[in-house]
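Labels run A, B, C and D following the written order; every chain starts at residue 1.
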Amino acid sequence: MSYTDSELLCVMAARQLRDDQTVFAGVGLPLLAVALAQKTHAPHLTMVVEGGVIGAEVVPGRLPISTNEMRLAHRALMLPPITDIFLLAQRGLIDVGFIGGAQIDQYGNINTSVIGPYERPKVRLPGSGGANDIASLCSEVTIVTLHERRRFVPRVDFITSPGGLSGPGARQAAGLHFGRVARVITHLGLFGFDPASGRLRLDALHPGRTVEMVREQTGFEVLLAPEIGTTAPPTETELAILRRLDAERRFL
Amino acid sequence: MSIRPADFIEARRRRAAKPKGARDKRLEAAEAVRLVRDGDVIAIGGCCFSRTPMLLLRELLRQGRTGLTLVRNLMATEPEPFLVAGAVHTLITSWMGPGLPWGLSRVLRHYVESGQVRFEEWSHLGLGLRFRAGAMGVPFLPTLTMLGSDLMGVGGAKTMACPFTGETVALVPALFPDVALLHVHRADPLGNCQIDGYVHMDPDIAAAATTVLVTAEELISEEDTRRHPERTVIPGLLVDAVVEAPFGAYPGECYGLYETDFGFYDAYAARLAAKGLDGVREFMDEYIYGPATHAEYLARFDPAVLARQQQYARELVGGEPL
Amino acid sequence: MSYTDSELLCVMAARQLRDDQTVFAGVGLPLLAVALAQKTHAPHLTMVVEGGVIGAEVVPGRLPISTNEMRLAHRALMLPPITDIFLLAQRGLIDVGFIGGAQIDQYGNINTSVIGPYERPKVRLPGSGGANDIASLCSEVTIVTLHERRRFVPRVDFITSPGGLSGPGARQAAGLHFGRVARVITHLGLFGFDPASGRLRLDALHPGRTVEMVREQTGFEVLLAPEIGTTAPPTETELAILRRLDAERRFL
Amino acid sequence: MSIRPADFIEARRRRAAKPKGARDKRLEAAEAVRLVRDGDVIAIGGCCFSRTPMLLLRELLRQGRTGLTLVRNLMATEPEPFLVAGAVHTLITSWMGPGLPWGLSRVLRHYVESGQVRFEEWSHLGLGLRFRAGAMGVPFLPTLTMLGSDLMGVGGAKTMACPFTGETVALVPALFPDVALLHVHRADPLGNCQIDGYVHMDPDIAAAATTVLVTAEELISEEDTRRHPERTVIPGLLVDAVVEAPFGAYPGECYGLYETDFGFYDAYAARLAAKGLDGVREFMDEYIYGPATHAEYLARFDPAVLARQQQYARELVGGEPL
């Protein structure tokens, strides 16, 4: 059974979601992961999108490219103002958030703002959008990204979205009493954070991946869990559902 | 002089000084945009590809306003012509990009990386709360978002110890735009606005701004408004000008009426990739400076495509499974 | 032409309103005054009511008894949430507000909370409702009330709604940079406030009223304007409109 | 233990701990009200005579809850039975009265003037902002209202110097009710609520509370909700129980469906004038403790009167001149 890295990411992300949760999803892979979860083990999972949508259904072949198109409102349950959607997260109503990033550091901090200095950047990236809000306000955040050395840097140039900041206790000290980046899902494996140091830790490898591959693609030392598991490969059902959702393969 | 962030006193003074009686506010786009001055801080309604007030933005460029600050929660490509025209010195937003399939904005990169234009970044909620504080007439709102991140340092947010709990909270300063440009589904001559689907941040933006210019897909009567007062999302007493503009957000989307013309944005991206900023200049000559009227502008699009985008929209928001 | 004190109050209040204004009206006489103004010299006057109404029309014979009934929503232009209605006033969108009160002092402060101490009052009154908000946030406030000695006290037991507080500069010192109680309309006359002392000043008497009557019914010394005018009596038209609005005479 | 004012951390902890998946939340009134505990702070939706959750309030008294705090922006007579039953120790509101024609509340005067019940007074906006702060998950909101008045001293508001402008602003502490009791026009099994006309403060109250109980004039299907998502004003993920209750706010009003039965309140006032608190006890036996079900309660009203109140409502909100 062959599959692309993107398909692998979607499947692994979908498996993290529970039936009794609310999830804050962005467009692209996160949206596909949520739709997949809903069509498999989590039919009651409620999706929230920053453009102002609660409980919409993803339409196969009509995948949105931004978080505020009517493609995301199909059969929605409610369409609140954007600000109020985020306030629901601030109030504690959103369990899980998915984000990605151009740079991710060993504490799970994310940069989507600038490469280089802020005022005269080498590369001006699009910016936070809702990523900072999701990382600050959802009860738990999962980073979903391809695993590339240029992304996994010791220190991000700019903390757009807070992970563990400088390590254990730092979020609380900053006033963030809730939320945390709980895990990182890449096309190589599943990662958590070491409770003592707050640093990235490899928990499981996907079929056929090795610790060496992870080390090669990471710009800092990755901690290893006492026992590194192996994830179950995507099933035919999971892949079939994904490929039906994105038949044009815009994102897969 | 634009209103300084958090200066709720000056902001209120300007609002309170305006006559508020119910009157006919219908204007042509060109007349409405004459209410904008060089140097104004301009808030753009809608979000990204949704309900962008394209007609008003084109008119703003046609009238050659300069020294502008553009503010919008999420920006797509609509600021690019302003950058190329040298009309703006600052962008205030949480995100700007041409959309997922097209990567980064080459135009944004050129002007910001070269230091010609300032990019003031906020989180999406952070900027939304700046509009809301303005709408409420208070100098700031408290929030937990952005705490601990480097965004706290770039736009002027502050932290404080909550006097009730002692906990640290972030404070974002109210934003009071000089002008709000909005596109809505329906408006009556008094300025009462109806929006279908996403309202995005438009009601807050309208109340935060000093002057509010609205284009509407359809003009309705005061009687229509009175028949369904629950549909009014922006009260006429906030509005200065109402302009009739069918397809006023095209090639972007207007919820339930027409979907974004992604083919158009593909072509725009291709032209930009091939010719860089000159590609944008070509686009501006063809679509902004060329057409003398909104009708002439719309005539540049294939009617079959417009009809198709309308059909897509109906399918998506009909509520029936697709 | 005979008329009741209530009718006189409505007419005098209505005459204060301009065609290009917004007015925050309570139920009872203020509502009748606004409706009268709209039907005479101020057809474009926009009425706002705290229950959540902009631009509704008063229905003759269907006068509301509270500020949040559907009787107040008849042919309204918009029905915002209550909090947002007041925020419009805080933002500077409401020109004039009408309020009354159980106690009014010489600086125009109003008490509708308690007679006696707050914790163990002699009389527990209904409370502020929106009165404090109107007095704090509208650009200009007019007090409309019957003129009785028990109401016009040197010092209110409790400042529910701010007038001039302790006198010139006091509102600004408290953080109220806008708004003021501009005038008091009673069944005896029209009153303003002396700029130097901030104290109640008689500006005009209604037909047949005298300074003595005012002094008798006021619990403190009333200042007198250099020239005390006389108001024009209610016209037949004004009275006819009012009596049509409240044919059952619930408030007139 | 109820949540202390402004304690956004504990308030969030309780909310975040609840499962949020979409599930069928339909219950009988008695089952729903069993979610309320003695000593709870209970926020009542609607406003004065409008959309008061009468069925839930009656059930609360029938189940004999005590030590309650009732919170509502404007209170009519609905708290009076709670006072007479000795079920409440504190009222938090901006106003309480039987309505303009009936003067002061004799019941309120008796219990507050004798020191048996605490009356915590806020301005109408002040209390509205306390709910909104709770809904936003922040410890406080800034405002200009109440500044300089004696209301600043009675409820726990504070003043601060704005860190951006130096100006004095008032801060009201967030209010996080243990329970919100709401009556709406339509709700689906997931708890998604539709309200016609005035929403009053219900959406903020629902988001500020830890537990939300809703009665609805009509139960609709999830499909109905999906057909008109723009009509949903309270998201189901905030709601714990949905109870079907036609005429659930009677003898008060429900916008567009039935008008307040003023004749009923006249009789109530007359009985109170004639017999004092015993008049209220009589009323309670007849209308609260007597009827075993909502149907039995409604049977105590003249069907012709109910029909007339429905007719009045249709006339008023039809949008046609009367």
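Methods note: contacts are C-beta pairs under 8 Å (C-beta built on N, C-alpha and C of every residue); 3 or more make two chains touch, one makes a residue touch a chain.
Keep in mind it's a predicted model, so treat the numbers as computed, not measured.
Trainee: So which has more C-beta pairs touching, C-D or B-C?
Mentor: C-D
Trainee: Taking each chain's centre as the mean of its CA atoms, how far is chain B from chain D in angstrom?
Mentor: Chain B and chain D have C-alpha centres separated by 37 Å.
Trainee: CA centre of chain B versus CA centre of chain C: separation in Å?
Mentor: Chain centroid spacing, chain B to chain C, equals 40 Å.
Trainee: Could you give the separation in Å between the centres of chain A and chain C, each centre being the mean of its C-alpha atoms?
Mentor: 57
Trainee: From the C-alpha centre of chain C to that of chain D, how far is it in Å?
Mentor: Taking the mean C-alpha position of each chain, the two centres sit 28 Å apart.
Trainee: Which positions in chain C are in touch with at least two other chains?
Mentor: Residues 73, 75, 79, 87, 90, 177-178.
Trainee: Which residues belonging to chain D are in contact with no fewer than two other chains?
Mentor: Within chain D, the residues that touch at least two other chains are 9, 136-138, 143-144, 167, 169, 197, 226, 229-230, 319.
Trainee: When you draw the chains as points and link the ones that touch, which shape shows up: line, ring, star, complete, or other?
Mentor: Topology of touching chains reads as other, fitting no named class.
Trainee: When you check every pair of chains, which ones turn out to touch?
Mentor: Listed by label, chains in contact pair as A-B, A-D, B-C, B-D, C-D.
Trainee: Show which residues of chain A lie in contact with chain D when the two form their complex.
Mentor: 18-22, 42, 44-46, 54-56, 73, 75-80, 87-88, 90-93, 95, 139, 177-178
Trainee: Show which residues of chain B lie in contact with chain A when the two form their complex.
Mentor: Residues 47-50, 73-74, 76, 93-97, 99-101, 104-105, 108-109, 112-113, 115, 119, 121-126, 128-129, 131-132, 143-151, 154, 159, 167-170, 197-201, 203-204, 253, 255-256, 259-260, 262, 313, 316-317, 319, 321-322.
Trainee: Would you tell me which residues of chain B are touching chain D in their complex?
Mentor: 5-9, 136-144, 158, 160, 162-165, 167, 169, 171, 173, 196-197, 226-230, 319
Trainee: For chain A, which residues are in contact with chain B within the complex?
Mentor: Going by the criterion above, the answer is residues 27-28, 50-53, 57, 59, 62, 65-71, 73-75, 79, 81-83, 86-87, 90, 113, 118-133, 136-137, 158-162, 165, 170-171, 174-178, 250.
Trainee: Residues of chain B touching chain C in their complex?
Mentor: Residues of chain B touching chain C: 9, 11-13, 15-16, 19-23, 135-138, 190, 192, 207, 222, 225-226, 229-230, 232, 235-238.
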